[in-house]
Every structure is written in C-alpha cells, then in structure tokens.
Amino acid sequence: MSQNSRERILARIRSAVADAPETPDVPRTYLARHTPDDPDAVLDLLHENLADYRAHVHRTDEAGLPALIARRLEERGARRVVVPDGLPAEWLAGTAAEPVPDDRLTPAALDAVDAVVTGCALAVAETGTLVLDGGPGQGRRALSLVPDLHVCVVREEQVVASVPEALPRLDPRRPLTWISGPSATSDIELDRVEGVHGPRTLEVVLVRGARFAAG
Amino acid sequence: MSGVFVGMPAFPEAVRSAVRDERLRRNLRHATHTIRDKRARAVAELADWAELREAGKRIKDRTLRHLDAHLLRLEEAVTASGGTVHWAADSDEANRIVADLVKATGETEVVKVKSMATQEIGLNEHLEAEGIRAYETDLAELIVQLGEDRPSHILVPAIHRNRGEIRDIFRDTMGRWGRPAPEGLSDSPAELAEAARLHLREKFLRAKVGVSGANFMVAETGTLVVVESEGNGRMCLTLPETLISVVGVEKVVPEWRDLEVFLQTLPRSSTAERMNPYTSMWTGTTDADGPKTFHLVLLDNGRTDALADEVGRQALRCIRCSACLNVCPVYERAGGHAYGSVYPGPIGAILTPQLRGTASEVDASLPYASSLCGACYEVCPVAIDIPEVLVHLREKVAGQGGKGHRLEKAAMKAAGWVLDHPGVLAAGERLASKTRGLHPRKLPGPGARQWTDHRDLPGLPTEPFRDWWKKNRPADPPGDRA
Amino acid sequence: MRVALFVTCVNDAVFPSTGVATVRLLERLGVEVDFPAAQTCCGQPQFNTGYRRETEPLVRRTVRAFDGYDHVVVPSGSCAAMVRHHYPAFGPEAAALGPRTHELTEFLVDVLGVTDVGAWFPHKVTYHPSCHGLRMLGLGERPRRLLRAVKGLELVELPGAEECCGFGGTFAVKNPDVSAAMGADKVAHAVSTGAGVLCGADNSCLLHVGGMLSRQGAPLRAVHLAEILASTEEEPWR
C-alpha cells in the first residue's frame, strides 16, 4: 500500500509542476551577521540576550569555574547532580552535591536528580542560544531536559554571532538541541511565562578564554 | 476527544455568534494585539528582514518546483541514518500507518507534540477508535483536549480562552485524565503552567511512543526539526523508545544551510522571540540517545492538488507561524472556529479550500472571508500573497456556480454591461439623482439590507460628476470618445 | 503635460463633490485637467469578487479612455491600486496604464512636487489610511504631509489607523457581521480622537464608515482628502 502511495504521490508531484517555470537561484543577500566583529561585544550580546529570556548569566575564568558552579548548585539547593560522560572532572571539584554518573538512567531516575551540569557545542549571541550536540560533557538529550536546573558552561571561543555562522559549525548527524532560556509558554493569552516542562532554571556560565590568559 | 469540523455552516453564518460574544472578542483582541506589537518589534531588530523574507520565499518555491527529487533525497538520507519512511496519500492512509505502528509496539497510549498535520488528519480520533489514547502535551492543545473543544489558532489553539476559563477547565477535568489540578489553583499563568507540568510529567516519564510533526525536514542530511517553547516537544522526541513523525510533503527544504533563513524568520514571526526556547534536530536514530526506532510518515492529503495550481501553490510555502492570523481584522472578530478547519485565519482561507476542495458550503465561503486589506501579506515571512490567492479562489468558486453565485454572476454581467455603456450609466445616474428625495436611508432586500442594517446610505447628489463637468467645462477634451 | 481625471464610478454617481474638488484643486495648482467621458469603472468590484471575464471589457474601456494622456489622476487609492497591480494581468496595453496612473496624493507630492497646496480648513481632523493606498500603493506619509500643510487644520492621530475599516467591496455585503464589527471599532477609534472630521482618500471606505457615523449620530463627519485640499479661505469647502 505504502509503496503504491509513494509512486502515486511522486507521479502527482511531477504532473503538478510539469508546466511550472524553472526557479532561479536563491538570492542570499541577507546578512551573515548583524553584529560587529568584536569578541567582547559579541560576548556581551550573548549575555544580554540570554538574560532577556530569563536565563541567569555569570562570568568567570578557568580558575574560578569550579567555585562558581559549586555556588550556583548550592544556592539552588541542588543535592544530586547528574554528570554527563566526558565532563571535565575539575568542574565539579568544588561542589558538595552528590555526583550521579549517567549509567543509562531511566527517565524516572533522572526525574529524581536536582540538576545537570553540561558544556555545549556552541552559543549564538544574536539569539541568546546554546546548542548542545551530545558531545563530551554534554550527555544525551534527556540529561539536559528532565532535571529542573540546568547549569551550562560556555567558553568564549564557542560563541558565534549569528544563526548563519552557527549552522556550518554543527554536525547534522548528531542530535542537536538549541536552548534559548528556560522553558516557556505563550499559550495563555499570548503572554510569555517561563517554566513549563523543560528545566525551569537555566544558569549559564560564560568562561573567558585563552585571549585573556595569553594577554 | 477534541471536536472535529464536520457539517460546518458557511463562514458568514458561523461568525454570527462569535461576533456577538463579548468575552470571546475581548480574549481575541487582547491576545492578537499583544503579539502583533511584539512581532513588529522583533522583526524591526533585523535590518535584513526583507532579504530574509525574499530568500525564504525563493527557497520554498525552488523546493516545490522539484519536490519529487527533494523527497527522494530525504528518504534516502533518513533511511541511511536508521529511520523508516512511509508515504501516505491521504488522511485515512496516514492514520492507518500510525495506528499500525503503535499497535506493533504493543502500547495503548502515545504522547504527542503539537502538530498541525496530525490535527488535519484527525489522528487522535482515529487512534481513540483503535483503542489507543493520544495525550496532547502542548499547553494550549491540552486546554483544547481537556475542554473537549476545537482549536482556533495555529500557534495557540486555545487563544479563544482566557486565564479564568483555563483555570476552570484544569480544575474540572484534569482528574479524569490523570493527576488532578493542585488544590486552590489560581488563574495566574505561572500557576497554570505549573499545573500542566505536574499533570503531564508522569505521562512523559512512562511514555513508550511519541508522535510528532516537524517544522522542517532537510533533504540533504535527513534531519528533522521541531521548534517549540515548553519542552514538551523535547520530552516526546527524546524519552520514548519509538518516535513517529507525520509531516506534510511541503515541509522539506533542500539544504542544511536553508535553515539559517527560517530559524531567523519563524520565531520572530510566530512568538515574536529572537529564538524560541527549544529547537530539536535529529537525523534518524542515535545510539544510546533518544528513540531506538524512528518512523517518518510523509503526507500528501491534498497538497499535490494545491501544487498543481499555479497561483494557489504559493500557499505551500507556509511555515505555520500564524503571523497572518494575529494581524487579520477578520480573524480577530470571527475567531478561529468559524473557518471550519484546523487552519483558521487568512492562511486557512487559502489553504483549506485547496486541500479539501470547495464542494462544502464552508469551504466555498472561505475565499470570501477577507476584506482583502493585505495585512496578512505584509507580515508573511515567506511572502505568500494571500489576497492574490483569495481572489483566484473566488474565481474558481464563482465559476462552479452554486448557491448565490448564479444570481451574482448575472448581476455582475448586468453591471458590467451598464458600465461598458456610459450613456446608459449616465441616464441611470441622472434618474437616481432626480428621484433622490424618494430614496430611503434603509433598504429592504438581500444585499441592500445587509448594508443598511448597520449603516445609513448617503444622500444622493443632485447630479453625477459627468453632468457637472459637461455644464462647467463645456469644451469636451479630445480624449473623449464616448 | 496632458492630465486626465479618472473620477471613478463611485465618485461619479455618489460623491461628485470629490471629483469637483479634485478639479478645483488641480486647476488651482496650474494643471489643465481633462475628463474623458468614456471612462466608467476600473473593474475592481468584478475582479475582486472573482469575475475576471466580466472585468475584462471594463479594463479595455478604461485603457482606451485614457490613451494618450501623460498622467491619469485618481482620487481613490483602491482604484489606482487596481490599475497598477492588477491591470498587467490583462496584457501589455493594460499594463502600460499602470505607471501613468497616480493616486491623488502621489500626483501632488511626486509629480507636482508640492505638499503645501495653499489650502485652508479650520477643523480638527483625523486621517484613516485606506488599506489599498497604504499597502498596495505604499502612500506612506504623503496624505499626512499634505494635511499638515493645510492652514488652520489640526491633525490628530487615529488609534489603530492601519487597521481595515471593514468595507472591502462585496465583503461588506457577503460578511455583514464582521464588516460591521470592524466598522464599529473604526468609528469608536475615530470618535475617541475628538476630531470633527474623519478624512480619507477613498470614498468607498468613507461610504461605509460615514454610513455608520451617521447611523450612530456620531459627532464626526467623513470628508474626502480632496475636498479638504480644495478648500481655501476665499472659497471654503462646506
């Protein structure tokens, strides 16, 4: 049946467009980015846009990272923290929370942890977006979804300005999750409210990069 | 079970109660005006909006021109990455495919991400008849499902409900479907969202089958994209063992790069955000992450009919942002239900008659459900010239004759004849002017009564303009060949 | 420069004063105006209702009537939009009329290059930009610039100005309830400005909104822009 429909649909498409004129190339005259090429300005913009959609944004350097993560977890009352494979051990070195390794935790088991700490594949400044691709330190998709607190670490060199700059840097064969602030809804009177099914709290830690260390 | 749209009256009759429903009018005005202004600000942030809009339009047109090739490429890429592709010519076939896939898992419930395609085919009702319960997980869809209501907006299906009504629905019905609403639930949107979170969480955690649609499918890579806000989409796409996605064939884009246009235009047009909170992209299946089994059901269901219409096919560019609904003065007063379809508003008025034909009364009335003000075209992020398609569909409906149209055609012909004979026209105008003292300000009879029920007729002038001209500018100009 | 007035069928039969005002205004600005009597209707009502075949003879007639003129001036954004946007679908001859056709404010501002037409109209006025002028022609600020230059005129902003008034040609008859609801909101907005005059550049919209103003006994009358611009201290309009 389905095989039959496949041929039928394809035949219908071919006959529908048989007389249609050829379409010219797509004009890509839109901008590759809307932000000047200045790393400080781009980082500030990411900070601003994340905060605008109610993420809590913090800044530190490599040395200050463990203490900052520990503080964030403590202030949010997180006692059990799920740890994605490949997360740098020193990131959680300062925390008193119990690390829970991801041994194929069931959704219900994940629901019983308080928080997750991850890295990311990149971040997009103009839209205030973090992109996770399941690489080392990011874990499978469920990890950054079920726990109610997500602490995400972004290194300065991972920040791009725009969506057109982000896509070529991502591998579509990997499962990708684009996160712009905590979960939200506009379903009641088209007014935005934060906090529905995904983590209700998103803490983002921006880590200053080698640029400063070297300078 | 949410109601279905069958046996709907024509649009002008269906709106009557909506127009008189003060609360509904208030709800719609409040919601559409809130989002309207926000959208304008979000769009104004991008200096290259016009270029993005043009690119989006051209990508879609180019895709549609070679839709067969792009679908085959998509099928190959999805299959190569572990997914299974099914083709459904119509809603019956799509429903059958999905029901069989669910039954094969041995499960009797599924969790659903909001999806226009599955609403269009009436999947929930079909699954129910097959003994499978489908839980809607989008907040607005949940409100519609619990309230045994019909969707009235593409993005916010419960837009016709205000916070107080939503609170009442949650309080009265959640217990019947699972975890009841918390005691003393208020009507604050934050508390209502929290109630939905608690109610649905147990369903997410135990779900073995998820059903979704998709906003985009990338032929080049086999990647599907779902754009959402609440995280219910991520839950349905990530936690179950089996994922079934039902997607209209027109949702394919050729290249990975094409997403750079739509991921900029869709969120700003839709929820007026720079970016929606969550976007999920997946390609087939991934080891140890997400569903082990992935089925993609490609849906025609009238789309190839629309594709065959050289003017109407532009409706297939639609990315379901609903900006056209939010700016439409007719939608704002009529509400979504009067459109008799899951696609209300301006886009619905051109999409539904193309997907379903214009045989039914409501479908034949949809192309006229517009004042042709053009606000919809102005905001459309893929530049669908909705007024152009409306007029084109009116031509089709008028051409098929039927209720009212034979008489109308005769009247148009008669008026056309008079207007093509200025001498006759002038005589008529003079007669009207001479008898002007006899003309009432209200008139009986169809057409005239519709007009004078609400408005006075103007007093007729003492003479038509052409007579004034003859008297006051006696030397006829050389251009006159009457 | 040969300039023809395309008065439009609605103005000819129902609002001749708008035609007279347009003539008076243009002549005052030194333009020699012709009125080709072969003109009738642009065909928009037929076209927009889905009667393309019935539109065609009217398009041909209109094109013939204005053959040979450098400029055709239309005191209606809607009819000007019909000629410019939809005539090309009726062949090259019809298409050629488009660029020569100007809505009145376009002709004044773009062709004549004036915004102060020397008018005097001592009233509080609010302006409703009709949809086809606004969106299809892109008239933008032209009408308001002309109004602001009128001596004695106080221009007040109309809330929700860019929203359709609900006329929409046969829409008003085919969907009377929605049309009336849209009109009622437009009337309420107009009344809220405290203006004594609701000005527009399309008499078909003013027929609808004005009819509602009159029915409700609102303290506002609808006046076409041409009549305001034609008014001077020496020869005041009404």
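For clarity, chains are labelled A, B and C in written order, and residue numbers in each chain start from 1.
Everything below uses one rule, namely that a contact is a pair of C-beta atoms (placed from the backbone, for glycine too) under 8 Å apart; a residue touches a chain by one contact, two chains touch by 3 or more.
All of these numbers come straight from a predicted model, not from anything done at the bench.
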{"item": "Label of the chain whose CA centroid is most distant from the centroid of chain C", "value": "A"}
{"item": "Innermost chain, where centres are averages of C-alpha coordinates", "value": "B"}
{"item": "CA centroid of chain B to CA centroid of chain C, Å", "value": "32"}
{"item": "Euclidean distance of C-alpha centroids - chain A vs chain B, Å", "value": "30"}
{"item": "Averaged-CA centre spacing for the pair chain C and chain A, given as whole angstrom", "value": "53"}
{"item": "In chain C, residues with contacts to at least two other chains", "value": "none"}
{"item": "Residue ranges of chain B in contact with chain A within the complex", "value": "27, 30-32, 34-35, 45-48, 51-52, 54-55, 58-59, 61-62, 64-68, 71-72, 81, 86-89, 93, 97, 137-140, 143, 155-156, 158-159, 162-163, 166, 189-190, 192-194, 196-197, 200-201, 204-205, 218, 221, 223, 229-232, 234-235, 237-239, 249, 256-257, 259-261, 263-264, 267, 271, 273-283, 286, 288-290, 298, 300, 304-305, 307-308, 310, 313, 326"}
{"item": "Touch list for chain C against partner chain B, complex", "value": "2, 4, 7, 9, 11-17, 19-20, 23, 34-41, 45-52, 54-55, 57-58, 61, 64-69, 131-132, 135-136, 162-164, 166-184, 207-208, 210-212, 214-215"}
{"item": "Complex interface listing, chain B residues touching chain C", "value": "11-12, 15-16, 19, 25, 329-330, 333-334, 367-375, 377-378, 391, 393-399, 408-409, 412-413, 415-416, 419-420, 422, 425, 429, 432, 447, 450-451, 453-458, 460-461, 463-466, 468-470, 473, 476-482"}
{"item": "For the chain A and chain B complex, residues of the former touching the latter", "value": "1-3, 5-6, 8-10, 12-17, 19-20, 22-24, 26-31, 34, 49, 53, 104, 107-108, 111, 124, 126-129, 134, 140-142, 145-146, 163-164, 167-168, 172-193, 195-199"}
